[in-house]
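Next up: some structures, all given as structure tokens.
Each of the next two complexes has chain A plus one more chain, namely chain B in the first and chain C in the second.
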Partner chain A sequence: MINGYRIGEGMLAWLFHRISGVAIWAFVVLHVFDIYLAGSNPGLYNDLLGFYASPFGRILETLLGAGLLYHALNGARIIIMDFWPVMTRYNRIMWYICWVIFVAVGLPVAYVILKPIWGA
Partner chain B sequence: MQIDLRILRFDPERDKKPHWESYVVEADPKMDRILDLLHRVKWDQDGTLTFRRSCAHGVCGSDAMLINGRNRLACKVRLEQLGRKITIAPLPGLPVIKDLVVDMDGFFAKLRSVQPFLVNESVVPARERRQSAADRALIDDTTKCILCAACTSSCPSFWAKPEYVGPAAIVNAHRFIFDTRDEAADERLEILADKDGVWRCRTIFNCTDACPRGIKITQAILEVSQAIQERQV
Partner chain C sequence: MSRYSRVGRPKPQGGGLELAIWYMMRLTGLALFVLALSHFLIVHLVVDPSQQSADWIQTVRWSSMFWRAFDWLLLMMVLFHAFMGVRTVVIDYTRGGARSALLMALYLTGIVLFVIGTMVVMTMPVVPKA
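Then we have the complex of A and B:
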């Protein structure tokens, strides 16, 4: 419920889009910072890369990948509706298609990112 | 069947903030609508309950309210669609005057801002201004609006930014922008190209889902957005 209103697919799609957008923005800020460290403080930069490669860092990277993938897929859904308003009639089915692609692409990517944790 | 009804009550002369009150009402789920329950509460249990209703048949748009978390018309929702436990609150995002009655002044001011009337300065013909069936089809959907405010008050963009003109005003602008007999489309597009116009829509679809007339509101909003871009307003 938001403002006493029941959350449907459209509101959920928008909420995830907003949350993933803010998360991607936060990562971009972090990324600018770590690239800056590469020149100004190589030791700290290496430590940060070590953190990214740690199990916890890999989980965060997987979440980042999930955010990027969802934001891109749902963004494409919104763009399709922007260019062809009649496609709004299929907004729900397009959202479910987004999730099918999300799982199909996301699971292998997550596997590749996470497999060093269990030494595969 | 007994229905457990919870209603968000607010009396500005007594209450500092809204509060829930519960009622048990005997009802026939196959025949009764939410409006019938409200009548039973008001007539038999608590005469102070305040709500709007007029035609009671889904035409006037007076009795839009938040029913079980969704904006609907109390006169169009049958109990068998909802079950035994029902919550009713005033339309979200609009100032509450009393109980389920909200202040619609701002809503109608936004509607007026888009000039929801035919503008045609040409010589008035002897008979009606004729229109082809294909031209009429362009506005078939958006002529159905009954101004109940279910769409505008369901919109998270409107909750966050009450200056947003809102879905209902855009729907009514659409009805005239795409009317081939009208001559003020550019003026309306200019108004809606504002930062608080169509661009505040986030394609959340609450409006489309809430509309008791089944108007494809998000599609209409996006058609107006396209018209703004194509005409380079």
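Then we have the complex of A and C:
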């Protein structure tokens, strides 16, 4: 409940899709630029890579991966409903399926990305 | 808000450019489901980021034409999808002169990234795999 409104799954799905989308866009702007640097200024690129591979950088990478995975799964859900409208009836159950896949795929990936922080 | 509650942006009625963009968002989205997710898995799981120096890009990753083509295709898909997506966000929250200015800045940024991204993936000298 926010301001007396019940927040439904569909609205949360839309909100998370928008937030993750804008965040991925911001990283894409940075990432195309850093790869451009790999060609034109390798030293500066390597410095930035040092940040990406640092513990704080790995936490940001994990968040980026989470945003990307959610956006991809929910995007697939949107495409299914756009081109197969009868599936709109199952929009909630499909959203829950997205989260099951998100956790099943995301947790092992997050573990691999983060484990160098504690030296595993 | 209800028009967004179950599905994504409603399909524009009346055809034209807006409908073409709506279809392209879904087409590039489908491509990115494969390209962006596999890209993320490769550069975060298969190879640790700490090993991906500028030298690694040139002598390992981009010694293969396949990966240069893969990365350029990913660049094309992501630039369209990300910039047209943010365009929808800008149009949703702004109007008048601010909207025009932001959209112009957005398109300019997209064009710059198209140019520098294409340049680096196509012109970095090829070092054949040892």
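Note that the second predicted complex is superposed on the first by the 114 of 120 C-alpha atoms of A that agree within 3 Å, B and C clash if a C-alpha of one lies under 4 Å from a C-alpha of the other, contacts with A are read in each partner's own complex, and residues count from 1 in each chain.
Criterion: contacts are C-beta pairs under 8 Å (C-beta built on N, C-alpha and C of every residue); 3 or more make two chains touch, one makes a residue touch a chain.
Quick caveat, the model's predicted, so the values are computed rather than measured.
Asks: Considering only touches as defined above, state whether A:V86 meets chain B (first), chain C (second), both or neither.
Replies: In the superposition, A:V86 touches chain B alone.
Asks: Is A:L69 touching anything from chain B or chain C once the two structures are fitted on A? First, second, both or neither.
Replies: In the superposition, A:L69 touches chain C alone.
Asks: For A:L60, decide between first (touching chain B), second (touching chain C), both and neither.
Replies: A:L60: touches no partner chain.
Asks: Tell me the contact category for A:I101 with respect to chain B and chain C: first, second, both or neither.
Replies: Neither: A:I101 stays clear of chain B and chain C.
Asks: Spot which of chain B and chain C makes contact with more residues of chain A, would you?
Replies: Comparing chain B with chain C, the partner touching more chain A residues is C.
Asks: After the superposition on A, what does A:L114 contact: first (chain B), second (chain C), both or neither?
Replies: In the superposition, A:L114 touches no partner, neither chain B nor chain C.
Asks: Would you please give the residues of chain A that touch chain B in one complex and also touch chain C in the other complex?
Replies: Touching chain B and chain C on chain A: residues 8, 10-11, 14, 78, 81-82, 88, 91.
Asks: What part of chain A is in contact with chain C in the complex they form?
Replies: Those residues of chain A that touch chain C are 8, 10-11, 14, 17-18, 21-22, 24-25, 28-29, 32-33, 35-40, 42-43, 45-46, 49, 52-53, 57-58, 61, 65, 68-69, 72, 75-76, 78-79, 81-83, 88, 91, 109, 112-113, 116.
Asks: Touching chain A in the complex: which residues of chain B?
Replies: For chain B paired with chain A, touching residues are 66, 68-71, 89, 92-93, 154, 156, 159, 202-206, 208-209, 216, 218-220, 222-223, 225-226.
Asks: Using the touch definition up top, name the residues of chain A that touch chain B in the complex.
Replies: Touch residues, chain A against chain B: 1-6, 8-11, 13-14, 78, 81-82, 85-86, 88-89, 91.
Asks: Mind pulling up the chain C residues that touch chain A in the complex?
Replies: The touching residues are 1, 4-8, 11, 26, 29-30, 32-33, 36-37, 40-41, 44-45, 48-50, 52-55, 57-58, 75, 78-79, 82-83, 85-86, 89, 109, 113, 116-117, 119-121, 123-124.
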